[in-house]
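The structure under discussion is supplied below as structure tokens; questions concerning it will follow.
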């Protein structure tokens, strides 16, 4: 039974790999564009099917199974292995990954219909590679494979953000994403190396057995888990390494949906969930995780409130939700974080794809160019609102229970500070998401004097939006290839929400004994703040009962700070441009002009000494005779003395 | 034991090809290339055959060939390979095979160019397979000397603005010209080989002046004081070739001035000779010396890694970036060796291989880019990705390997080295190593972004540039394939290497 | 008259000749100095031969005299050639013996 | 006995004086004449050493041959015989010092050695005959080579000094 699950998971893993190889190596086929795309989709569908079957075979209670092969032999043993580790968590995650990957690939056919064939082929090559890497990460039985896939998804992220590589901003964002996550990966790498030294293995199963039997030395473990957390911090965009995620929106929107919302960015959360038994040994690190998570959630939520780019709002909301998940893990209930990861994966992908449909229609990311779209693209609007309600944590929708669980866990763990922060975030989340909903789909933008968007073009555009005067837009619901994924995700989101709100009332995954004794007031108050947020957004942006400008004025300093992204990007830019590049220039200069300079000085001295010595060579035979005479004299003198 | 002298065939095939090229191919450029290719192919086949037939269960030195040369002095022609040299021979074969293709377009004096190139390769093979230290040294010199002509004649010159307190010396020595680079490289390496010769002779004398055989020396135990300074002599001598700081400055100038195939061979293979020498002679013969100086080797290696990466970041010339990245990566090689752990040493040898391939790829690419754009100034380029997607892809893969991305050979090497570093007596070595990998990601991707991404350069010279064509693809394809293959399936390299490193380290531990 | 007397005489002549070779400015003058030195050598050879009673010493003197003459003839030919080419016989101007 | 002593000292004095004149005479032509005198004196010394044949060779080759050639060379190179250019260069003092020091050392060495004071008795009375025999028997090969050398020297001298085309 379980071996079946492992075999199916392996099959699921290999399908995108084959697709990648086919597309990557057979360049003429890749350049055909659409056929290549459909091939990739076909393999993704196969992977999804296999994943679902694997998940069913494994079930929730099935014994974890490993299929591993020797990868790095050393001293007659396997220093490292590769393979798949199949258990409830990994199969569920696998289903999510394959599902979103499949839907996004399908969606991209429509979204990228204008791209040239070669670019489309390239896009699907990257997509296949990403699917493979992400699944490898999910299924990895050891830290090494996990790290390898971790890096590979980072690579795919880099490549896909830079898909429109001719755009300087995209090129910038791509390397920024790579470097920032790589900085975290440095920590992860160190952590893995240290852990290997401590445990003698990379294998998760073996290591877990060691932890449970108490064989793993705890001394120094805090450093290790903190290093591992650094990796998660980079990948899952935790403060202060969150700066790359908003910029990553330069990539195509389906990419944002897949990589920067549903799957890759959650890898950090998944990693911490996967190794929660290890982190449990180091509560001090968990405390850091919780606080940073909660802080990140709040920071990102504040930032999301001032964005005018629809994708950036979603990006910050992703950061914020990742903070939520991290807080749950920090509170010791990683299952809640994982659960939120799953639901978030679904509804955030929905939101991004919905936003993609809007962008595709309007031809712009800018909220001020949208408005009243609900009439023109009703299906999109409906689905987007489902996603928004899920995100806001309204009962009957996807995010409700997972969010409750997190809040409950944090409260139960006695983390009052983070709890307050998270409640605040819940309010802000509802507010900024409904700000988007109202601005984009209903009322239209605030016509005047919002400090940041005062340009005449914007005003004109917003004033004229009713008459379809602006742009080349075709503002209607997208074609079927795009709508189908949207509906799938929307219904799934709704189904999950209804199931868990009305039927299950509990976590589907993880240890059942982790029953959270959440206080009774929690649910009403959480829903209450969310509703308050929605109300505020409605009053401000729909009814215009509250002037947006004066609302903004109330938070003057915070607002201007948020518009400057709290100067975090500036600090990074400064560190990079001035400190790092400056230092490197210094080193380069020292190498050329001091280290090498010294060598040249030695060389120059040799040349000069040669020139001086050459003076003796007058070229006149007489002088040489004189030299011979002097030499003879010295010889005779020496003989006299030596022989005396 | 006896039988077909495959190692000799592998070693001398390029030499024979060089002779044929020199004497029978005058004014026939295409024949020159085909003969060279044939020579390289014979070596490639022979080295792959050796790899295939190498018995991993038996381990140790295999494929012995013995021929007494000067019995009075104990000099003999003694060839054999172990797991490390097998891999190095394969590396050499791949690089020269690709190098022949990469120099297909050499126009000026092609005949002499190929002859010298092949002569050099014979020297490289000889070093990897010789067990007689005298012959080893002869081959070593053969490998070093043709470089002078290759750079001096076919190289390219640049300009370096004299600055700083030592600026006066720059004009005097002609910094920037290819003649300067060739002379600097040759003098530096010969300076190093003097140390090596002294070390070898010291061992010879201490061993009773009867034999130059590595195997005989291995059976002896030398006085610790002797070991100490002989190890140092080997370290400095070979280390110069391996680009150890601060004796590395020949490398950027030399590699930047050298023609494509020469850079490929030099950075790809010759620098490995240095590291190989330290491992084979230093660690293999002088256990006490190794233990005594491991801290120095590792410490300098850490400087190399970080310093090389930072220097690379500061460069504006594409070739210099690659050359400094070599300095940085050779630091990883030396670091792995200095850890004196199985993982570290495996990583070191693997990095020799990985870096050889990746830097060969890089120099081949830089050569192509230069050929098409006639420029190496990074910051004047931009947006080439549209015009040369193939080159861009290969460059990106090379860069990813360089920064240690998994599924490329660079990752396995660096990771093993890091494991070794943390297991060694000097744990802090891990951190410079990891930081170096991070810095590498910065300068490599910065270069990729500048050259291939972004808006297209307005420069009229940079319009309608062609992508790689014909033979160029062969060189790129081989190198990319090997790079990825060894990253995905590292066991094919690690398994034989392990058979050599484990006994070596056991000998070291049991001194 | 012992051997030492003859040798001393020869040494004196030799040193005078050396002085001439080093100080003369005219190339022909240098040749004259060389002739003096060769002469001193010949005296040495003959004296040694005579005082040790060996005939080969004498024979060698014959040889050296011949060689000296050949050298002188050639040297003067070179001087004449030099004069033709450079229009001078001053040794100070003949400084091509350097790298 | 006394005749030899007187002759030796007289010849020595003549040689030294004429040698000095050779190197110091400002007129090159005079110097050549002084050299002729010195070479003749040397022939006298040879006679004192019972080498009559050598004395004859000395007179014929040197005093006859060389002096003629040198005079010829001077005539060719110095259009005005006895032209007054400075004949000595700036190194005169140092050269004198070196020469004197060298002489002193040699003399000092010589007189500290146990050197023969009486001439050895020759095996036969006729030294010239002995020399002739040796040259044509034991040293015949060097002798022939010498002949060759002379020929080469002659030819090259003619070649060098040939008229310009």
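The first chain written gets the first letter, and so on, giving A, B, C and D; residue counts start at 1 in each chain.
Note that in this section a contact is a pair of C-beta atoms (placed from the backbone, for glycine too) under 8 Å apart; a residue touches a chain by one contact, two chains touch by 3 or more.
Given the structure is predicted, the values throughout are model-derived calculations rather than measurements.
Path length between subunit B and subunit D in the chain contact graph, taken as the least number of steps between touching chains: 2. Closest chain to the protein centre (all Cα atoms averaged), using per-chain Cα means: B. More C-beta pairs touch across one of A-C and A-B than the other; that pair is A-B.
Between the Cα centres of subunit A and subunit C there is a gap of 95 Å.
Subunit A and subunit B have centres, each the mean of its CA atoms, that are 37 Å apart. Between subunit A and subunit D the centroid-to-centroid distance comes to 102 Å (mean Cα coordinates, whole Å). In this assembly, the C-alpha centroid of subunit B lies 62 Å from the C-alpha centroid of subunit C. Within subunit C, contacts with two or more other chains are made by residues 18, 22, 24, 91-92. Taken residue by residue, subunit B touches two or more other chains at no position, since every residue touches fewer.
Across the assembly, subunit D contributes 89, 91, 95, 98-99, 102, 106 as residues in contact with two or more other chains. Contacting chain pairs in the structure are A-B, A-C, A-D, C-D.
Here subunit C touches subunit A in the complex through residues 18, 21-22, 24, 30, 91-92, 94-99, going by the rule given at the top.
Remark: subunit A residues 614, 617-622, 624-626, 629 touch subunit C in the complex. Residues 89, 91, 94-95, 98-99, 101-102, 105-106, 108-109 of subunit D touch subunit A in their complex.
Looking at the complex, you find that subunit C touches subunit D at residues 1-9, 11-13, 15-20, 22-26, 28-29, 31-33, 35-36, 39, 42-43, 46-47, 49-53, 55-56, 58-59, 61-63, 65-74, 76-81, 83-84, 89-92.
Taken together, the subunit A residues at the contact with subunit D in this complex read 622, 626, 629-630, 632-633, 636-637, 640.
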